[in-house]
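What follows is a set of notes on a single structure, which appears directly below.
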Amino acid sequence: MRLDVIVRVTTKFFLPFMLLFALYVQLHGDFGPGGGFQAGVITAATVILYAIIFGLAPTMRLVPPIVVESMVPLGVLIFLGVGVAGFVTGDNYLNYSHLAHDQVHGQELGVMLVEAGVLVTVCGTMIAIFYTFADRGRS
Amino acid sequence: MIEHHLPALLVVVPLVAAVVTALIRHGIAAYVTTLVASWTLPVMALMLLGQVLEAGEVSYALGGWAPPVGIEYRVDGANAPLLVLVATMAALVATYAPRSVASEINIGRRGWFYTMFLLCVAGLLGIAITADAFNAFVFLEISSLATYVLIALGRDRRALLAAYQYLILGTIGATLYVVGVGLIFVMTGSLNMGDVAARLTGIENTRPIFAALAFITVGISLKLALFPLHVWLPNAYAFAPSMATAFLASTATKVAVYLLLRFLFSLFGTDFVFVQHPITPILLALSLAAMFAASFVAVFQDDIKRMLAYSSVAQIGYITLGVALATQTGLTGAMVHVLNHALIKGALFLAVGCIVYRTGVFRIDQLAGIGRTMPVTMAAFVIAGLGLIGVPGTVGFVSKWYLVAAALEEGWWWLALAIVASSLIAVVYVGRIVEIAWFREPSSRVRAGKRLPIEMIAVTWVMAGATIYFGLDAEFTAGLAGRAADTLLAGLAGPG
Amino acid sequence: MVLLTLMAAVTVGIIRVRNLFAVVVLSSIYSFLMASVMIVLDAVDVAMTEASVGAGISTVLMLGTLYLTKTSETVPVHTPALPLFVALGTGVALVYGTFGLPPFGAADTPLHTHVGASYLANSVAETGIPNIVTSVLASYRGYDTLGETTVIFTAGIGVLLLLKRLARASRNG
Amino acid sequence: MSQVAELLPLYNYWITIFLMISGLYIVVARGNMVKKLVGLSLFQTSVYLLYLSPGKILGGTPPIIAEGFEVYSAPLPHVLILTAIVVGVATLALGLALIVRINEAFGTIEEDELFDRDDDDA
């Protein structure tokens, strides 16, 4: 991977902003366009860009495949867990109304947690798929 | 308290189990999780069936949002038996699985293989239980994606091709389904099946609704392998791992049948679909074509799994035949055959799984003498095979009894004759196996082999026994099927 | 409208071109156009997703696949009669169906007056979330989203099962 | 502008249908597996338009509640299509993975060649 130094420097400069943008999309999803899915894709894109510019091996050291592969089920588990929390508070599955002191806050908290779950799974899956495709091509 | 949440739990438990198996990855630990989770399913499904028999129907609003704003789970006479069927098959196949899977799937993949199995179970249960048209699509895709992977993990490299072919056709089917749902959604503004049915009255005769009917019917027909759209099925069943074939053959197409029935009867309404439009002759012609052509092709197969797969296509013809008649007896016949054929095909594919485990043989001509070296397994195979033919005393007879009765009710004696005649073809292909298995000298390939694990024989025999038990005592299954037919014919638009 | 025409042109391109790299690039362009159309249709969340998924992730995956396989297509030997018939049949059914649809841009269709209206009216009071798409996605129809996340999970594990190289023992078959 | 607004409804659906037909045609007619998947995603994307077009209200704004706006487009189709996009990309990923494996196992991704080989096996 001998790429132009300009590309490397520009990428390094951009990556933190991309991550920041992903965070914005994630948290601002309540008010503007965006949410867990979009943020997850952007986060994954950051890692993929890093891998394209700096090579697969350093990226895999930075973000190990085992972590990525655990993220895939973990996100679904968060989602399912929020749903089960509905049982505990005496409501139906995925009812967030009693997660906090009043209904509106409960809903907001529930939505935030659920979106976090989506982010984790989407991000993990995208990176994991990219890793396996890239890894397959190395041999 | 827990009774109230059963509808959600029935789908959430396999999902949680799938996630847990994906996290732990280790083959044996994943298997134990699968086994525990899948045995809770029939318990919950039977409890739900009890509730339905008592109360008529059970509705569960997910997220606490009352339908049509939120998504509703709804269990009634039509889908409760199906839930029991899918849940029971999942539990039985999971019990059967460990050593069969160990012999066919590489150790590094076993943990995730069970994840896929659980996802497939959760997807099928989700389709069967939901009352929301779009939610059904989402769960359809969960089960389909899991199915593609399960098929692709078969040992033969042609399994990959079979999975790819199924992926293309399955996705086309699902997309057509979404188009149909979209048209309905635009016209009614709702996705909840009961709500849609109520809002459709009055605008039935508009063009978009007719187009929606066509798209949904064709889309689901691809999934349930209705005759000319069945091309994916034989390869998929033939090359998938044994345990996956047994589970898919007995559940996946059945759930698709249910979804079609739900739309045709509950949502569009019997009147609209069968009285005003020429669905009956089309469906009847396709069913008959399936019964004869697919049975005929089955006779000439070399591979035992492919033979059974073609026989499945033919048996789906019997089910759609009952649907096409659109009478109470006809629908009862269709529903009872859904349950009975699941038992029969489950038993047959499990028996084949035993043969493959012990000898590694697929080709029919290499099975010579297998009846002498594996008498217990082959006895179960023959019992289930008799069910396929429809010999009195087996479940197959019960189904055909209702279908013939329905045909005679309409005064169509030629149809009744056709049903009996097509059963004779089944005699040929089952008889061929019997002849080769018992009346030839065992070959060396059949003699050699590992000892068969006890759980594999036991589960195969439980299934084979069930085909006899429910054949002699048809009250239970026929009662459920009759109730399902009543529920479907009543439609969702009416009160309740 | 211009965008839609461009999309149609790109589609013709996809059908005609045999170099698979070009096809992938064209489908990426197609996705961007689709995203623009979605913005015109007021579906900003969807546009964002389509741009990132269709033009981003899909393209990366397809290029990865091409890298692992081949880049040009052979000339098909079949006559395209049957496919054409299937495709046109579907088209005719759709044309037939769309003629009865409510007019474009009207506000009094069932889509707007039935369930849709209740989301718009109640979301802020019930969930405190002004972006209705988010509140419907995560709360009213949260279960669909759970299903969607599970679909991703299924695909992810599926791809890993199919492509991940095993640490020891090669696969037989 | 008013003339455009009158023409637009039809044009929208015509293009949608054209895209759908093209997608389906590619899937059924082409033997190359990658191209088939491209066609499949074309087919799926065209459905998105079918859902989104009726949700638009002329003069409306995206369904994000804010002061100063009265008319919003329908939010529900957007949510459904978000889900559909996700399902589409999941299918695509799985399909591509299968293609890679098929290429390794058979050395080709052309269906015609594959079926020839299949016959040899049998």
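So that you can tell them apart, the chains are marked A, B, C and D in the order they are listed, and the count of residues begins at 1 in each.
Keep this in mind: a residue touches a chain if its C-beta (ideal position, glycine included) is under 8 Å from a C-beta of that chain, and two chains touch if they have at least 3 such contacts.
Here the structure is a predicted model, which means the values were calculated and not measured.
*Asks:* Looking at every pair of chains, which two share the most C-beta contact pairs?
*Replies:* Chain pair with the maximum contact count: C-D.
*Asks:* Can you work out the whole-Å distance between the CA centroids of chain B and chain C?
*Replies:* One centre to the other, that is 29 Å.
*Asks:* Could you put a whole-Å number on the gap between the CA centroids of chain A and chain C?
*Replies:* 20
*Asks:* With chain centres defined as C-alpha means, what is the inter-centre distance between chain A and chain D in Å?
*Replies:* 24
*Asks:* I'd like the Å distance between the centres of chain A and chain B, where a centre is the mean of that chain's Cα atoms.
*Replies:* Distance between chain centres: 36 Å.
*Asks:* Give me the residue numbers in chain A that touch at least two other chains, ranges are fine.
*Replies:* Each of 31-33, 37, 72-73, 76, 80, 83, 93-94, 96, 129, 132-133, 136 in chain A touches at least two other chains.
*Asks:* Could you list which residues of chain B touch at least two other chains?
*Replies:* Counting only residues that touch two or more other chains, chain B contributes 15, 18-19, 22, 62-63, 65, 134, 138, 141, 145, 148-149, 152, 157, 179, 183, 185-186, 191.
*Asks:* If you look at chain D, which of its residues touch at least two other chains?
*Replies:* Within chain D, residues 20, 24, 54, 62, 64, 76-77, 80, 82-83, 86-87, 90-91, 93-94, 96-101 contact more than one other chain.
*Asks:* For the protein chains shown, what form does their contact graph take: line, ring, star, complete or other?
*Replies:* complete
*Asks:* Which stretch or stretches of chain D touch chain B in the complex?
*Replies:* Interface residues on chain D, with respect to chain B: 20, 24, 27, 33, 36, 40, 43-44, 47, 50-51, 54, 76-77, 80, 83-84, 87, 90-91, 94-95, 98-99, 101-102, 105-106, 114, 118, 121.
*Asks:* Residues of chain D touching chain A in their complex?
*Replies:* Chain D residues touching chain A: 62, 64, 82, 86, 93, 96-97, 100.
*Asks:* Under the stated contact criterion, what part of chain D meets chain C in this complex?
*Replies:* Of all residues in chain D, those touching chain C are 4-5, 7-9, 11-13, 15-26, 28-32, 34-35, 37-39, 41-42, 45, 48-49, 52-58, 60-66, 71-83, 85-94, 96-101, 103, 108-110, 112-113.
*Asks:* Which positions of chain A touch chain C when the two form their complex?
*Replies:* Against chain C, chain A makes touches at 25, 29-35, 37-38, 41-42, 44-45, 48, 69, 72-73, 75-76, 79-80, 83, 93-94, 96, 103-105, 107-108, 110-111, 114-115, 117-118, 121-122, 124-126, 128-130, 132-137, 139.
*Asks:* Report the residues of chain C in contact with chain A in the complex, numbered from low to high.
*Replies:* These residues of chain C touch chain A: 44-45, 47-49, 52-53, 56-57, 60-61, 64-65, 67-68, 125-131, 133-135, 137-139, 142-143, 145-146, 148-150, 152-153, 155-157, 159-160, 163-165.
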